[in-house]
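Two complexes follow with subunit A in common, the first pairing it with subunit B and the second with subunit C.
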Partner chain A sequence: MIIFSERVNGMYRDVRKAINEKDERIVQDLVREQVAGGADVMDINLGPTKGDPVENFVWLAQTVHAATDRPLSLDSAKPHVLVAAMPRVRAALPDTKLIINSSTAAPEAMGQLIPVAAEQGAGIIGLTMDQEGVPGNVEKRVECGATFLMTAMESGITPEDIYLDPIILPVNVAQKQPANVMEAIRQLAIVSDPPPHFILGLSNVSQQCLMRNLLNRTYLVMSIAAGLDAAIMDAADKELVEAAISAEVLLDKQLYSDDYLKAWRMQKGLH
Partner chain B sequence: MIIFSERVNGMYRDVRKAINEKDERIVQDLVREQVAGGADVMDINLGPTKGDPVENFVWLAQTVHAATDRPLSLDSAKPHVLVAAMPRVRAALPDTKLIINSSTAAPEAMGQLIPVAAEQGAGIIGLTMDQEGVPGNVEKRVECGATFLMTAMESGITPEDIYLDPIILPVNVAQKQPANVMEAIRQLAIVSDPPPHFILGLSNVSQQCLMRNLLNRTYLVMSIAAGLDAAIMDAADKELVEAAISAEVLLDKQLYSDDYLKAWRMQKGLH
Partner chain C sequence: MSVPEVKEKWSGGVTAVTLGATKAEGGTRGSTVTIGGQTGIPFLNFDGETPHPPAIALDVLDKEPAGWPPPLADVYGDVWSDPAAWAARVKQLGADLVNLRLVSTHPDEGDRSADEAVATVKAVLEAVDLPLIIWGCDVPAKDQVVMPKVAEAAQGENCLLGAVIEDEYRTLTAAAQAYGHKLIALSPCDINKSKQVNILISDMGYPLQDIVVYPSTASLGYGMEYIYSILERGRLAALSGDRLMAQPVFLDVGYESWRAKEARSGDEMADTWGPAAERGPAWEAVTATDLLQGGADLLAMRHPKAMEAVRMAVGQLLGE
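== the complex of A and B ==
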């Protein structure tokens, strides 16, 4: 399970304020908490912050990196921001693994972002949607996912560096989509061997819901059984992380031992 | 989700003592707790109790029935005990739905138990194993499950009354089996339309494990996504029940509402 921390995101008020005021301490405290909880990758998203987004990305990447040497995932819905920010962050942090989050399968987005990932040796997340928006069915998700996968591989990116994100929508507005997303993962998992990674922005499933943690945890477990091996999630949610590790033990992807949670933490060098 | 209460089982010391001493109060307190937690069916198992098993079954069935009118599942690994007990329990409780737990797919067991179920209008649980024991792979489980399903249907039992149990083994001794069991459910779900029910003796997955509740909960959620719609489980484990309901909401099998747990309880007439 590759845990992408969702927490350094300007959508959260504390992070937004920290970015606007260039307050390193707030960001770095969060980073340490996420890494201690088991985060493998720090996703960084500016959200609705002030100032130049490229400068903000460089500052945020350097600030996060000062607290951890984990890979960084640059998260923005604006391809031109990612295209401009990637070489700047690369220059500032020459040895840090970077991941682009995200491209869609629309030709324009792929044409801008896949070459950057290939050039920089970065990972890239591909949303299974195109210029027409988020598919309501399984078939279109699979089609977009396969298109993105093939296009990225043709540019020399290996499956190891490709993350397909089948886009989970809130269960309270689209109750058929959680099952569709899992079915899309199952179908896309057999398109390529080795398969790419599968990732979700987990907390979207419970947007505006009352039982957020319970829904996140339940959906994460089900999705891991369907083939999910990465998630953008709150690594400080202990019950969520423990559910994910338990799912992997039950699927024989982590060795069972009586204290398998402790074993998992030791493997990762956590206390 | 059809919740079979696992708790009235002579393997538990308190229940064993209650059966041996014919102490109705202990059993009925447990029954009320299980029903309040959401049990739909009361599984009753004598375990290693003293005295005549048929008389004990009649006493236990009547004792449980005095506290709830939920269906009763007579649980024994000995076909001859079930064959003898079923008509006696039926005579004592003429209006209570009964379920036989369980037959295997071995010709001898099916030959004894399926006719009893057909005759009594009872449900029947079929383990996906035969005289050779519990299969180590998916294929044999599917073969045994299909054999049991066909044999039961040929005797006039409808899929609605047939429960296939693909036999979950403890994850600490057979770590590949939890995934095999789920794959067997997925494959058996398409053998008949409408499909039978799928059930597991859930707590077996965590026998002798340290993190029992977490493993039970995680495996239940994953199995529901694979097609499980019934489980023999502890209905008083609130987190377990809430995880199951959440899984069904995420699979669009329970209508979403903000307080879907409360809605589920109200639907069942619970407070």
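== the complex of A and C ==
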């Protein structure tokens, strides 16, 4: 399970304030908490912050990197911001693995972002949607996912650097989608060998719901069973992380031992 | 027709563990032996590297063995009442290490004291300059008295001490840690326990990269396939990046092979089973070469002819 930390995101008030005021301490305390919880990748998202987004990305990437050497995923819905920010962050942090989050399968977005990922040796997340928006069914997700995968691979990006995100919608507004997302993962997993990674912005499933943690935890386990191997999630949510580890043990992805939770932490060098 | 690419891309590998210490390293051994280090499936040279071929230790007991059959008596009978002379013999026969078993410390096998065990270890260390594997008598209460003293007496020699188990691991782990020895972690035919024991030892602060695991052993005809599948699963976990399963593997091939009636029985069976002098070594060699392909790195053996046969097979499998 590759855990992308969702927490360094300007949508959170504390992070937004930190970015606006260039307060490193707030960000770095969060980073340390997320890494201690098991985050493998630090996703960074500016949210609605003031100032030049490219400069903000460079500041945020350097601030996060000062607290951890984990890979960074640059998260923005605006391709032109990512295109401009990637070389700047790469120049500032030449030895850090970067991941672009994200491109859609729309030709225009792919045309801008896939070459950047290929050139920078970066990973890239591809949303299974195109210019027409988020698909409501399995078929269109699979079509978009396969299109993105093939386009990225043709540009020389290997499956281990490609993350397909079948886009989970809140269960209280789109109750058929959790099952559709899982089916899309199952179908996309056989498109290439080795398969790409599958990732979700997990907490979206429970937006505006009352039982958020329980829904997140339950859906994470269900989608791991369908083939999910990465998630953008709160690594400091201990029950969530431990449910994911347990799911992987039950699926024989990790060898069982009585102290399998401790084993997982030891593998990551956590104490 | 093109041959499909079957090479796997592994994210992990087997830990390399070095046994013994030369003068420059604070010991008195003439050379050291390194085991493990593979980065692919055993003997698939396109799949990964095998920097260190499997090493072979020959057994030395600290008292005259009871019931070893004639093919072994012919090799060791003149020296087996003296462990130092016996150790010199196994060096002469070409062993990589001495596998010293302090069987006489067992309450029913002479109940020798820790001081006597220390004297034996010192005598063997003086008689040969090979790295040593040292075992107690498998009675935890006694081993807890004997092994710390043995570990202290052999300080600096970087020996391999056997064996910790899930229920009894603290004393020996502490002794190995205090006196700079490597450690064998035993979990009989149970891969989940194997991982658990490594967690427990590591939790005491003992380095994972100093552990050699011992999944127990079964010989040809006596459940070898159970151990083989444990070896395979363990090796696949190691190659897949599970650091708690990345330790090299020890197998007690000699002891298990020579318990088999096919190896032990004498020439009264020669008409149907062939001459005893060849049958026993063959049983041991076949057990060893089969298990090595599941993924093993250090073998304790008994008959020099079996050792030679295994080395020849390993050389062929490695394409040497």
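Following the convention adopted for this analysis, the second predicted complex is superposed on the first by the 271 of 271 C-alpha atoms of A that agree within 3 Å, B and C clash if a C-alpha of one lies under 4 Å from a C-alpha of the other, contacts with A are read in each partner's own complex, and residues count from 1 in each chain.
Note that contacts are C-beta pairs under 8 Å (C-beta built on N, C-alpha and C of every residue); 3 or more make two chains touch, one makes a residue touch a chain.
Given the structure is predicted, the values throughout are model-derived calculations rather than measurements.
> Have a look at where A:D258 lands relative to subunit B and subunit C in the superposition and call it first, second, both or neither.
Once the two structures are laid over each other on A, A:D258 reaches both partners.
> With both structures superposed, pick whichever of subunit B and subunit C touches the larger number of subunit A residues.
Answer, by number of touched residues of subunit A: B.
> Once chain A of both complexes is superposed, is A:V171 in touch with subunit B (first), subunit C (second), both, or neither?
After superposing on A, A:V171 lies in contact with subunit B but is clear of subunit C.
> Where does A:A117 make contact in the superposed view: on subunit B (first), on subunit C (second), on both, or on neither?
neither
> Touching A:L188, do we find subunit B (first), subunit C (second), both, or neither?
So A:L188 meets neither subunit B nor subunit C here.
> May I ask you to decide whether A:L30 touches subunit B, subunit C, both, or neither, giving the answer as first, second, both or neither?
neither
> For A:M266, select first, second, both or neither according to whether it touches subunit B, subunit C, the two together, or no partner.
So A:M266 only meets subunit C here.
> Have a look at where A:A106 lands relative to subunit B and subunit C in the superposition and call it first, second, both or neither.
Neither partner.
> Thinking of the overlay built on chain A, is A:A85 touched by subunit B (first), by subunit C (second), by both, or by neither?
Neither partner.
> Looking at A:L127, would you say it contacts subunit B, subunit C, both, or neither? Reply first, second, both or neither.
neither
> If I apply the document's touch criterion, which positions on subunit A are contacted by subunit B in one structure and by subunit C in the other?
Shared contact residues on subunit A: 255-256, 258-259.
> Quick one: in the complex, what on subunit A touches subunit C?
Subunit A reaches subunit C through residues 194, 254-259, 262-263, 266-267.
> Hey, which residues of subunit C end up touching subunit A in the complex?
9, 191-193, 195-196, 199-200, 202-203, 233, 237, 241-245
> Given the complex with subunit A, which residues does subunit B contribute to the contact?
Checking each residue of subunit B against subunit A gives 171-172, 175-176, 178-179, 182, 205, 209-211, 214-215, 217-219, 221-222, 224-226, 242-243, 246-247, 249-252, 255-256, 258-261.
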